[in-house]
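Okay, so subunit A shows up in both of these, paired with subunit B first and subunit C after.
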Partner chain A sequence: MSFMERIQNVDSRIIYILLLIALSLPLLRPIGIPLQTDPMVRAVYDIIESLDPEKDRVLLSMDYSPGAGLDAEVSPVAVIQHLTQRGIKWAAISFGTTDGPMMTNRIIADLEAKGYEYGKDFANLGYMAGEENAVRLFALDCLSVPADVRGNKTDQLPVMQGIKTIKDFAFVMQFSMSTPEMWIRQVVDPMGIRFATGTVTVSVPSIVPYYNSGQVKGVMGGVSSAAQYELLCNNPGKGAALMDAQSMGHLLIIVFIVLGNIGYFVMKDKKDKAAAGQ
Partner chain B sequence: MRKEVPLLITFVVALIAMLSQVTTGNVPGLGVAIPDVFERYISPWMTVVSAFSLCLASVNLIVVHSRNVSRKQPEWIYSVVLLGSLVIYGTWCTYIQLNPDDTAASFGYSLIYNYILSPLMTGQWACLAFYVASASYRAFRARNLEATVLLGSAILVMLGATPVGGVIWSKFPVIQRWLIDIPNMTGQRALLIGAAVGSFVACLRTMLGIERGHLGIGGS
Partner chain C sequence: MQISTNIWQWIAVICIFGMWSLPLYKDNPFYRVCQNVFVGSCAGHAIGIAIGNIVNYGFQPLVAQSKIDLLIPIILGIMLYTRFFPGIAWLSRWPVAFLVGVGVGQTIYSSLMSQVINQSIAAMTKFPQPTVGATINGLVSLIGLLSILTYFLFTVPQSPFVRGVSKVGRWMMMVTFGVGFGNVVSGRLSVLLGELLKIFGDWLGMI
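Right after this comes the complex of A and B.
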């Protein structure tokens, strides 16, 4: 087998090993490639910066599971850190997956370890079954969830005081593994709330029409958005640490695609010439 | 009656749901606004039904996998693992719900989730990176015009979306942004509008009883 034939058919295991190396090395020895901030990410940052910690409350819809990996997990962490740094109170609820409350609990455990107070600074209202319908029901009556995940009555939580409908929240953000159509259909358009979304990278192109139409005010897509957000907050964390690895991984994939195509064209040329000579 | 009653319920509920979006008028004879009927009565009821469907899914899972185990079907051992996990996790969660003050039980429950279930799910997702790398290498060949356009766009978006692209050439992020904002958005909007019209037609078919898949009795 010639070299050109070989680069067209590289064994998968070689690709796996090289990718593992390309992803691992930057994690062990970060390169520090500079990041550019996406306008959709800055929009989320600007909204949170514009909120008043004294009176504004934020609702987070935590609709992702560990099954979406760090791509879904790092964005909410970055946004919640920003909220708590600014002293903005928030409540979380889940409609899309039963994993949501557990994912929220993880973030809350870190915040409690730093001295923030559950119930006063934030609350986890748990999972509400019914997906799209539940979103609408909660939007019309936020006390339709009788208790939070710790068994506290929702109407007695300090963070929920004065909240009756979703319009009482100054900002609503959904973190999910897909697109936010159900929020747009049931709440954003009929009730006119300020809404942004965080999702996995692969879903961002599907959300762009909603962002450009103004229905979604900001979009965070995966690890890269989280990294940009962390840097906007001057608080580099897991997202920023992963970006070098992501860059190297993408670069390796591009190198393989280019090599595969070079091999393909050289071999095609040879075959064409051989066919013409016969 | 087994067909007519469910079809009538479907029609009435769908009609109320549809009218609640376009009118604030009252239900004739009842003096209650149509949106109120939907939001006060039908909407909470749908949430209860959804909650029950979660229970039904668990029951279904138990029935299917118990059968696998009792008949010693191929790979029945995985069914044992699934049933064991379901029973232990479900019982543990129920105990925590009934005893919210038992912090040790709650901590143990979180440990299972955070250190067994979560790494397994995240690991499964991470493995995709390797398959995607291998699949893109084999699939992205410039065999014809369409494949070449796809290949070129994929490379430009990948380079523009990662920080290293901006370091190589500052225009990569600009090109990526244009590809996402213009050609992608145009296609996405066309898809969304098409899907919306399709959904509306499917809803009408269900409402009028032409489509009966939800009753388990097939089409017309």
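Right after this comes the complex of A and C.
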């Protein structure tokens, strides 16, 4: 079997092992590949920088599950760190998945360990069933959620004081595993709120048209966006630490694709010539 | 290196190795046990949250605040389960019809406004734009939009001009699918990186 034939029939397990090695080495020994900031990510940063910690409140819709892994989790962590650093109060709620409150609690546990106060600095309003209808109901009456995940009455939480409708939030951001159409349809366009989204990498191309139209003011997608955001905040975290490994993984996959294509075309050429010879 | 003494870190890492055993080896009992643990814990969590929701949004306001109107959704919700009883299974169609009706009513106007009208307005680019880059971007978007729409025009004669524009549309779509595939790869790598971080960081303490 020639080299080109071998390339065409490589055991997928060899590719998996090479990928594991390519990802593990930069994790253990970072290289420091430079990053450029995407305007869509900078837009989110600029919005949060423009908020007034004294009076502005932020709503976060946490609609992602553990199954989406770090691709979904690093963006909200980066944004919430920025919010808490600036002293901006925020409330989180989930409409898209029942796992949302659990993912919020993971972040809140870290913040409480650092001395931030639940209820005063932030709150987790839990999961509200009904997806699109629930989003609309909450937008019109934020106190339709009777209690948070800890059993506190919503209207008695310090962070929710003065909040009646979604227009009372200065900024709304959804973190999800897909696209934010239900927010755009039910809240952004009818009520004219300032809205941005954080999602998994695969969903970013579907959201760009909404960013270009101005319906979505900023977009964060996966680990690379979180890394850029962390660097904008001068607060390198998980996202920045993972970017070297991510880049090495991309490089290896590009090499595989190029080799696979060379092998395909060389073999095709050989077969064509053989067919012409017969 | 300092290996974690937390039992949950060990369980998480054992489950990661169990999941990896499928692509790196083959289907095996270790993989299936880990898979069932994942599915079972997810289902249990979802059921717990669902029960909490019914209590918080249904029974508590009904009993504590005497919100009698909540009886309607509670009864409709119970009617959904009549499909398990053949004699009265037809009753489950009523809440389904209600859900479909509300869903369609809620989205039909807003979809048209947000995803058709507002997007169409955004596609109407002014030329020239303030910068050369923005003008080129706008041109590419416009050409992409028109050529892809032409590709799906099946009711006009396929003249050489229409075929040419369709071909441009096809290339545009291939580039778009390529970008989508690239993002899928990037996203999956992030998930794998999360697992590696758990192994090298949380479990082995090497990061």
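The working rule: the second predicted complex is superposed on the first by the 278 of 278 C-alpha atoms of A that agree within 3 Å, B and C clash if a C-alpha of one lies under 4 Å from a C-alpha of the other, contacts with A are read in each partner's own complex, and residues count from 1 in each chain.
One rule holds for everything that comes next: contacts are C-beta pairs under 8 Å (C-beta built on N, C-alpha and C of every residue); 3 or more make two chains touch, one makes a residue touch a chain.
Computed from a predicted model, the values in this text were never measured in an experiment.
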Self-check item: Which of subunit B and subunit C A:Lys270 touches, first, second, both or neither
Solution: neither
Quiz prompt | First (subunit B), second (subunit C), both or neither touched by A:His250 | solution = both
Practice problem: Look at A:Lys238 in the shared chain and tell me whether it touches subunit B only, subunit C only, both, or neither; answer first, second, both or neither. | Solution: second
Quiz item: Taking the superposition as given, does A:Lys55 touch the first partner, subunit B, the second, subunit C, both, or neither?
Solution: neither
Practice problem: Considering only the touch criterion stated at the top, classify A:Arg136 as touching first (subunit B), second (subunit C), both, or neither. | Solution: both
Exercise. Based on the superposed arrangement, let me know which partner A:Thr201 touches: subunit B (first), subunit C (second), both, or neither?
Key: both
Practice problem: Figure out whether A:Gln36 sits in contact with subunit B (first) or subunit C (second), or with both, or with neither. | Solution: first
Quiz item: Just subunit B (first), just subunit C (second), both, or neither: which does A:Lys120 touch?
Solution: neither
Quiz item: In the superposed arrangement, does A:Pro146 touch subunit B (first), subunit C (second), both or neither?
Solution: second
Quiz item: Do any residues of subunit A touch both subunit B and subunit C, and if so, which are they?
Solution: 12, 16, 19-20, 23, 68-71, 98, 102, 128-129, 133, 136, 201, 204-205, 209, 212, 224, 246, 249-250, 253
Quiz prompt | Contacting residues of subunit A [partner subunit B, same complex] | solution = 10, 12, 15-16, 19-20, 23, 33-36, 65-71, 98, 102, 105-106, 109, 128-131, 133-134, 136-137, 140, 144, 150-151, 201, 204-206, 208-209, 212, 224, 243-244, 246-254, 256-257, 260-261, 264-265
Practice problem: Name, in rising order, each residue of subunit A that touches subunit C in their complex. | Solution: 12-13, 16-17, 19-20, 23-24, 27-28, 68-71, 73, 98-99, 101-102, 126-129, 132-133, 136, 146-147, 181, 184-186, 188-190, 200-205, 209-210, 212-215, 221-224, 238, 241-242, 245-246, 249-250, 253
Exercise. Using the touch rule from the top, collect the residues of subunit C that touch subunit A in their complex.
Key: 23-24, 45-46, 49-50, 52-53, 56-57, 60-61, 102-103, 106-107, 110-111, 113-115, 118-119, 121-122, 141, 176, 179-180, 183-187, 189-197, 200, 206-207
Quiz item: Which positions of subunit B touch subunit A when the two form their complex?
Solution: 39, 43-44, 46-47, 49-51, 53-54, 100, 110, 113-114, 117-119, 121-122, 124-126, 129-130, 132-134, 136-138, 140-143, 151, 154-155, 158-159, 161-167, 173, 180-181, 184-185, 188-189, 192
